[in-house]
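Heads up, there are several structures right after this.
What follows is a pair of complexes built around subunit A, which joins subunit B in one and subunit C in the other.
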Partner chain A sequence: MKTLKLSNDELQGWLASWQQKHAIYAPQLGTDASKPQFHDWALLDGDEMPQLPTGVVKNSIKRFYLPQPQTMGTFSIDKRQADAFIIKETLPDSAKKQILLGARPCDARAILLKNQILASDPYFQAAREKNIVVGVTCSDQAPTCFCHKTGASPLAFIGMDIALSQTDEGWLAEIITPRGEELAGNGAEASEAKIAELKEKRDAIKQCSPAHGFKEQPMQEMYDAPLWQGLSDRCISCGTCTFLCPTCTCFDIQDETSGNTGRRIRIWDSCMTALFTAHTSGHNPRGTKLSRVRQRFMHKLKYYPDDYGPLYCVGCGRCVRDCPTNIDIREVIEDLQS
Partner chain B sequence: MSIQSEINPYLPYPVIIDDIIVESEDGNLKTFKFVFENKADEEKWQHVAGQFAMLSIAGQGEIPIGIASSPSEKGYLLFTVNRAGKVTTALHQMKIGDRMGIRGPMGNGFPIDTELKGKNIVIISGGFAFTTLRATLLYMLANRSDYGNITVIYGSRTPGMLLYRDELAEWAKRDDLDIHITVDAEAEGWNGLVGFVPTIAADVAPPADNAAALICGPPIMIKFTMPPLEKIGWNDDQVYLSLENRMKCGVGHCLHCNVGPTLVCKDGPVFTRSQVKDLPLEY
Partner chain C sequence: MNKIGEHIRQRAAELLESREIDAFIGFRQGSLPMTTQHYVARSAAEAQNLVWNSFCVLNPTNILPSLLKSFEPPRRPGDPLPDDLPKVGIAVTGCWSRNLAIQFQENQASRKRVIAIGLPCTGMSDRRQILAQTGEMVTEVSETAEDLYFTGGTVASLKRTEILRPNCASCVHPQPVARIMTEVIEGDCINNDAAGRFAEVEEIEAKDSDGRWDWFSSEFSACIRCYSCRNACPLCYCPTCFVDDAKPQWVGKGLNSSDTSIFHILRAYHCAGRCTDCGSCEAACPMGLRLRLLTKKLDKDVVDMFDSEAGVEPFKPLPLSTYSQADPQPFIVQPSHSKGEDS
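Coming up: the complex of A and B.
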């Protein structure tokens, strides 16, 4: 892996050259003063490095991998057409690359965790081809950040093509993948001392064991734990946690028609809603709020780790920050551990 | 620019409705016979009895339905569909010659070529859950020497609600098959058995030695069928059930159908009763 040392001007030079060829998305402060002001992902106009707030921005990068909506195919419902009712595939154009600039380590890692579930999903795979992740590691953590408790690190570069780390004099750019290599501009190699300094910082971050020992805990014991009742009493089933979560992948598939044409789309769905599991007969396997609240946490803390190893939570803290009833997954983890 | 992926599990094979059979007296159950539009798709299609597929109507949506035809029936696929929601209602309004799509086959199916081989088999079913068991039975009859005694216990509310009535009559004539058809209550013109499936099962269920039971039906039927079986020595590893849950993708991506750590679409829909007992009650 190559590590380059860049001044602010040099990084701006890279951005300017990327702008010529690619769309760049980066977190930016909303410009509409009549709306609540927060940082979120938007197309980058200028060639200046955007100012990133401490911690994560409103949304994760999942919208670039699971677009809202994803058009899966198009069709005609005009019986006179020879191809009526045949669904024609509409994959994202993976040749046309776009850059996700300023993705945090938690968000970049979430895409890799999702990939375990969506390895055979052609739309997600095309999106992975399309998106080049130029991440920015976190020198500081926000109060809601807890990636270091999920087996990750605020300074990690896993899931990124290029990882930028801020230093006193500018930036260290770690070129991680061949795609990153292709994208990277010129720059002086960083000194041994600078590289050692970054490594030292990384080593200093205490990492918890990735699955928190939940793998060893019997499923039924966690399932029957008393805490679900109190949590579900508070939950208002709004689904904010699932939509903001960078790892949540659940989707619904719907057909839309207009006149004689239509498209099959997939949209984000939430296990917090009763309809998620409702059978047409009226039977609902998760008809109670308790069962739905439990499902979300059990999937993240038990079912996924049992299948793939790590927790299905990257510690971004968005659900903690934006839950209207202050449900905190960090407390859930602690409660289940004790 | 359009790109074609090599394998896209979301693209249905185009099929044509070749025949529609109204199965039940209330008209709510119809069997649809589909033929593939493209020979290449037909050749690619390989299913196992007990698997399901997504029936796909562009503009309406998709539904997971058990495959009612046996792998030994070539050149077409059968699905028996209860009219219940949006897509099934649209399907019931379609006509012979109409085009739609099928995605699949999906799920594991019954272990018909492995664990079930050489065993005495009892098929127990109630109502319109008989569909994938029809596929299973036909497959076993087509490979009759691979299995021991075959017993079928099948019941419905009324004679007019029984599926595949012509075939039931044919099967009753066979001497390599022990078949018991029952209805819930006496009915005019009905000379067969009367009584609920569990009652009949208690009378005619074969011994548990070297045997397997495939049970599909309403939960209440399964619940009351188990005690008489257990009484004569059956255990949960010998009993195969098929679960259904709401699902959207059928290939393990959308995560709608999970029962605890298990996905009905990928890990199921067929489970042994012992496997089911280890799962949370979310089905």
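Coming up: the complex of A and C.
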């Protein structure tokens, strides 16, 4: 791995050259002042490094990997056509790369965790081909951030192609993958001292064990824990937590038609809604709000760790920040541990 | 504020202690500054967790019907309810008390089983609006009658009047509906000028039809169809919402703008003559959509056409569920455009 030292101007030079070849998406503040203001992902117009807020922006980079909606294929509903009702698959054009600039370590890691589940999903894999992650590590954490409590670190670079870390004089750019290598422009190698300094900061962060001991906890005990009742009393089943969550992956498939053509789309679904598990017969195996609230936490804290190791939560804190009824996964983790 | 909180805790504890009620609906402190959680206290000890501050933004009457139902014994359809079912206490401000009136009228809650404590209201604050000014790093907030003080933010204090939620800033019924209150806590209420109460709506009404369409399309384009606006609303209690129906599927599930528009238009229309402008929908919306502008427009129309406001007169039938000859009916009595053909 190569570490380069960049001034602000040099980084801007990189951006300008990337702009020539690729679409760059970055967190930006909404431009319509009449609307509530928050940072969210948008196509970068200029070649200036965008101002990133402390912590995470409204949406994660999930939307670039699981677009909302994803067109899986198109078909004709004109019965006179020979190919009527035959679906023609459409995969994202992975040759045309795009850059996700300013992704945080939690978001980048989430894509790797999702990959465990979606390893053989052609749409997700094509999106991984297409998206190049130029991440920015976090020098500060927001009050809702807790990545260090999910076995990760605010200064981590896993899942990124290039990791940028802000320093007093500018930036340190760690070139992590061959794709990052190809993308990186010119720059002076960072001094040994600078690299050591970054490593020291990284080592100073106290990471906890990735699965929090939930792997060892008996499943039935967690399933029957008394806390689910109190949480479901308060939950309004909106699914905001699952929509904003960078790891939540579940989807629904729908056919939409317009005129003589149709498309099969894949859209985000949420285990917080009753419809998620409703059967055609009318039976619903997860018919109560309690069972749905429990499902989300059990999947993140127990089922996924049992199957793959780490928690299925990267500690970005989006669900904590935007839950209308203030259901806080950090409190759930603490409650389950005690 | 602190005095009201103290009063709520004391009364809730007394009512629970004497077994007059089995549960009390209120708020407790959230895990983040400027957040609160709906809270059901079931004992005098639990009542000590109740709080009252500027961030009690989700309408507590939303959880009342399901809580009342949870005390009902299982029974066959048509079987009468026992007479001596447990009662539930709830503390309500002006808008929430009007929701209570509507729940009584629409048989979502039984008046006999609700002990309502009326609260004076000086308006609630918008956490997101504050965070936009102070930055995300606020770790602690305290408040007085006039000001909010922040620790860790880029701003040390803000005047409460500057960061009132828009529905509170245009509220003209801060007093609880006295006729359905069991008791009322006295105190100062917000005092807004009634003349400007529909200013937000009038601003949009003043646009031409293209302008209004542009506004509507852009205002709701960020919707992620999570339906938290619907779920946070005490008016929405259909067992299956039209957007969740699968057979037939009335509305597409993607983010197609026509599907999103239909949801928002229908949601607003279902609230016509019933919405109390409590702001719960906006408080719940993760995308910060100004959902109230649609329901407020319908409030205005109902005031203009029927001279009625939701829940203000608790025993008068709701304007859209009754008929009077005085109702505006130009669509019936207007002469047909194609004269002669219809007769």
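By definition in this document, the second predicted complex is superposed on the first by the 338 of 338 C-alpha atoms of A that agree within 3 Å, B and C clash if a C-alpha of one lies under 4 Å from a C-alpha of the other, contacts with A are read in each partner's own complex, and residues count from 1 in each chain.
The rule is short, and it goes like this: a contact is a pair of C-beta atoms (placed from the backbone, for glycine too) under 8 Å apart; a residue touches a chain by one contact, two chains touch by 3 or more.
None of the values given here were measured: they were computed from a predicted structure.
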So, after the overlay on subunit A, do subunit B and subunit C clash or fit? They fit
Identify the partner contact of A:R321: answer first if only subunit B is touched, second if only subunit C is, both if each is, neither if none is. second
In the superposed model, which partner reaches more residues of subunit A, subunit B or subunit C? B
Between subunit B and subunit C, whom does A:D252 touch in the aligned arrangement: first, second, both, or neither? both
Just checking: does A:A278 make contact with subunit B only, subunit C only, both, or neither of them? Give me first, second, both or neither. both
Included angle at subunit A between vectors to subunit C and subunit B, based on C-alpha centres and rounded to the nearest 10 degrees: 90
Looking at the overlay, what does A:R330 touch: subunit B (first), subunit C (second), both, or neither? second
Would you check which partner chain A:T54 touches, where first means subunit B only, second means subunit C only, and both and neither mean what they say? second
First (subunit B), second (subunit C), both or neither touched by A:A204: neither
Scan A:F75 for contacts with subunit B and subunit C and give back first, second, both or neither. first
Measuring by CA atoms in the overlay, how small does the subunit B-subunit C distance get, in Å? 6
Check subunit A for residues that touch subunit B in one structure and subunit C in the other, and list them. 252, 254, 278
Which residues of subunit A touch subunit C in the complex? 32, 35-38, 53-55, 58, 68-69, 140, 142-144, 233-234, 236-240, 243-244, 252, 254, 256, 265, 267, 270, 273-275, 278, 320-322, 324-326, 328, 330-331
Contacts from subunit B onto subunit A in the complex sit at residues 1-5, 7-12, 14, 56-62, 84-85, 88, 98-101, 244-246, 248-249, 251-256, 258-261, 280-283
Flag every residue of subunit C that touches subunit A in the complex, lowest number first. 30-33, 35-40, 58, 62-63, 128-129, 132, 135-139, 152, 218-219, 222, 224, 226-228, 231-232, 244, 246, 252-256, 283-288, 290
Using the touch definition from the top, list the residues of subunit A that touch subunit B in their complex. 72-73, 75, 77, 84-91, 93-96, 117-118, 120-123, 126, 219-220, 223, 249-255, 257, 262, 264, 266, 269, 271, 276-281, 285-286, 291, 295, 298-299, 302-303, 306-307
